[in-house]
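Labels run A, B and C following the written order; every chain starts at residue 1.
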Amino acid sequence: MNRAARNGGRTAIAALLGVVLFVLLWEGYKLVGSPDGTVLFGVRILPRADDLSMPHLYDVVRRLGRPELAGGRPVWIVVLHACAFTLGITAVGFAVGALVGLLLAVLMQRFRIVERGLLPYVILSQTVPLVALAPLVAGWSGNLSFGPYPWQDWMTVSLIAAYLAFFPVAVGMLRGLQSPPAAGVELMRSYAAGWWRTLIKLRFPAALPYLFPALRLAGAAAVVGAVVGEISTGTRGGIGRLIIEYSREATSDPAKVYTAMLGAAILGLLVAGFVGLLELPLMRHRRRVEVVTL
Amino acid sequence: MTVVRRVLPPIAFGVLMVVAWQLTVTVGRIAPFIVPAPSAIWAELVEQRTNVWNAGLASGLNALIGLIGGAVAGILAALVASRFRPLSEVSVPFAAVLNALPIIALAPILNNMFESTSSVPRRLVAGIIAFFPVFINTLRGLREVDPIHRELMHSYAASGWTFARKVRLPGALPFVFTGLRQASSLAVIAAVVAEYFGGLQDGLGSRITSAAAFTAYPRAWAFVVGACLLGLVFYLSTLLLERLVMPWKSRLIT
Amino acid sequence: MSHRVDAAAPGPERTSPVRAAVSVDGVTKVFNPGRPDQVRALSNVDLTVAEGQFVTLIGPSGCGKSTLLRLIADLISPTMGTITVAGQPAAKARLRQEYGIAFQQSGLFEWRTVLRNVELPLELRGMSRADRKARAEEMLALVGLPDFADHYPAQLSGGMQQRVAIARALAVSPPLLLMDEPFGALDEMTRERLQTELLQICAQTATTTVFVTHSISEAVFLSNRVVVMSPRPGRITASIDVDLPTRDDAARQSPAFFDAITAVRRALRAAPAVAP
């Protein structure tokens, strides 16, 4: 059994075990926990175990099948639609952010002054909550336009997702482009290969093991950016909005908000899976490098 | 000499950017709802400094409690997982998968589980988000032991506990700090953004949304600057702690 | 493995004094000039390598032998003096790819198969795909690895990787071969075997070779001229002609071999470390 299959199998077992463990913990807590939660020094440190706050997991699953509102579509269809909507936005944001990150990395590798001037900001940008800008960028929609195209809500969300995806890609790709050993660079110089050819034939292939872990991080960041962005802009049709809507009805319909949560989780898994798929053809015979982007 | 060479370009670049920003906004007469001028943001920041401070303290406290809780849990979990080989093999991909999910989306559920006037949901979200980088990195550090060191301790007939104390734990420290660096920033982000999902509104996140709702954009940006400063403080504190605990490390960020 | 001794051994200097393969004139190299970490790596070095010669640069660490090789390869530029390769300035020679180079690390691209690694310089020259493949296969056969064309470098041993690197260096049939301790990371047995193979290849392709090493026996076995260098500052202190009747395994035990080693060792010991 080759390494990829073994890793895949291990992940599947891990996922299965995790789900079982989670179900046990959840239902187990409901059995033993007090319906009012546990209050310590006036602070509730353990959640309420009643059905309103923590519905039975089976109820959540059943809720998926029943209609959203009285006489509406089943919940799982609504959730799936919302997922697809947000997925589209995330994809656009992820692609744009990754592309810009890649270009900036190439620029930083080419010109050391750009690296010295910009890299500290790129690294530090990952330490600050830039996603907090989401409500502010939301003000653009309805008031800006690119010529004939008015700025729409979903563009804001895409922009936020792109913004978050950009940073890990820029840092990871730069490390990758700088990774070839001196012998390799000297070799290309001995072939009188210019900067561009050295980039294409040496630096780019050498950077791939650094790019993919960064892409995974960027994908997860893009999902978070899209969800938070949707909430800040109030964009209809996405999973973020759905989470907020359902959570408002939590007192009357506790299981519904968990279904939306499931949708968000699936979104994250889809993006991670996509990066994993990209990796398959491009990383054969290559070892992976975990790069520290922060 | 080299310190100047390293610090000058980013500072010069930063100053340039702010100046360019100010010029573009004033000359281009760009409305504040798109992007306010740095001067306006600064003015608001000065005027609102008490509010920024108080909100920053609230968010900072949430982030700190979440960070400490998540980091301790992460280190303990890594210690346990590293003891039993099959457990660590399974938990790494599991943690990687969980990390890919938007954990911040748990905020509304947690608000339901606890009452909406509690700070616990935000701290829990920050804690969960902080847990993963610390867990994954610490586990990696504990598992990677230089074979030469292992053989040396074996030749000294060192017991398992001695080996752990003298070799594995100090060897794992750099990895713990790698995880801690990431976790500190993520905790701040989580603490601020969790308020966007409802719940108790006394931190920076709520200030930002309410200012934006009142279209007081320079003020909202001022609070964002406050949040950025908070994130920087956390990150730099982690760097400082790393420098104190590991004085032998020459470069903090590889 | 034939032992046609005369043809296999690198011949004595050809008597065509006009065309030197490599000519180093009054070269000085200073790193980080004007800064506190300034280093005078080479001081007023003169060296002439005739066509077809196998010259080895030997000396202790810091004597500038690798620096000199890199100057010839135009990977760095001299502070003072000129370097001529095949009658042209070193920079031009590099642009026209008048030499092939091999380092201590094989520098193979891990994402390319062995064959594609050897094809690299040909690709950069714009050779057609079919021609490249044929030539690369030819070179792999020359270094004795025809069956490994579709393997990846990670699947090969250190010695085999170096042979691929040599095949790559020779792929463009350069008149000059530059080697910087290529066997330094290998074990003694593999090293001796590769030395013999290298000599055969160089004889077959009539390549001029400049070889850097810190192993006395390697220098004596391979070359017909050993150039001794010493550090602080880097300069040439002696040039010893090595005239072995044969260059095979028997030669490693011959009195002439040991005499030559003694001569080189003496020259290395005697090299004074004097600042100019």
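Just so we're on the same page, a contact is a pair of C-beta atoms (placed from the backbone, for glycine too) under 8 Å apart; a residue touches a chain by one contact, two chains touch by 3 or more.
Remember, it's a predicted structure, so these values are computed and weren't measured experimentally.
Taken as a graph of touching chains, this assembly is arranged as a line, each chain contacting the next along an open chain of partners.
Set against the C-alpha centre of subunit B, every other chain centre is closer than that of C.
Separating the centre of subunit B from that of subunit C, both taken as means of CA atoms, is a distance of 52 Å. A straight line joining the Cα centres of subunit A and subunit B is 17 Å long.
The set of subunit B residues touching two or more other chains is empty.
Residues 181, 183-184, 186-187, 189-193, 197, 201-202, 205-206, 208, 285-286 of subunit A touch subunit C in their complex.
Every residue of subunit C that touches subunit A in the complex is listed here, in rising order: 70, 73, 75, 94-97, 99-101, 103-105, 107, 109-112, 120-121, 123-124, 152, 154. Remark: subunit A residues 7, 10-11, 13-15, 17-18, 37, 43-45, 47-48, 53-54, 113, 116-121, 123-124, 126-136, 138-140, 143-144, 216, 219-220, 223-224, 227-228, 231-232, 240, 243-244, 246-247, 250, 254, 257-258, 261, 264-265, 267-269, 271-272, 290, 292, 294 touch subunit B in the complex.
The touching residues of subunit B, when paired with subunit A in their complex, are 5-6, 9-10, 12-14, 31, 33-34, 89-91, 93-94, 97-102, 104-106, 108-115, 118, 120, 140, 178, 181-182, 184-185, 188-189, 192-193, 196-198, 204-205, 208-209, 212-213, 215, 217, 220-221, 223-224, 227-228, 230-232, 234-235, 253-254.
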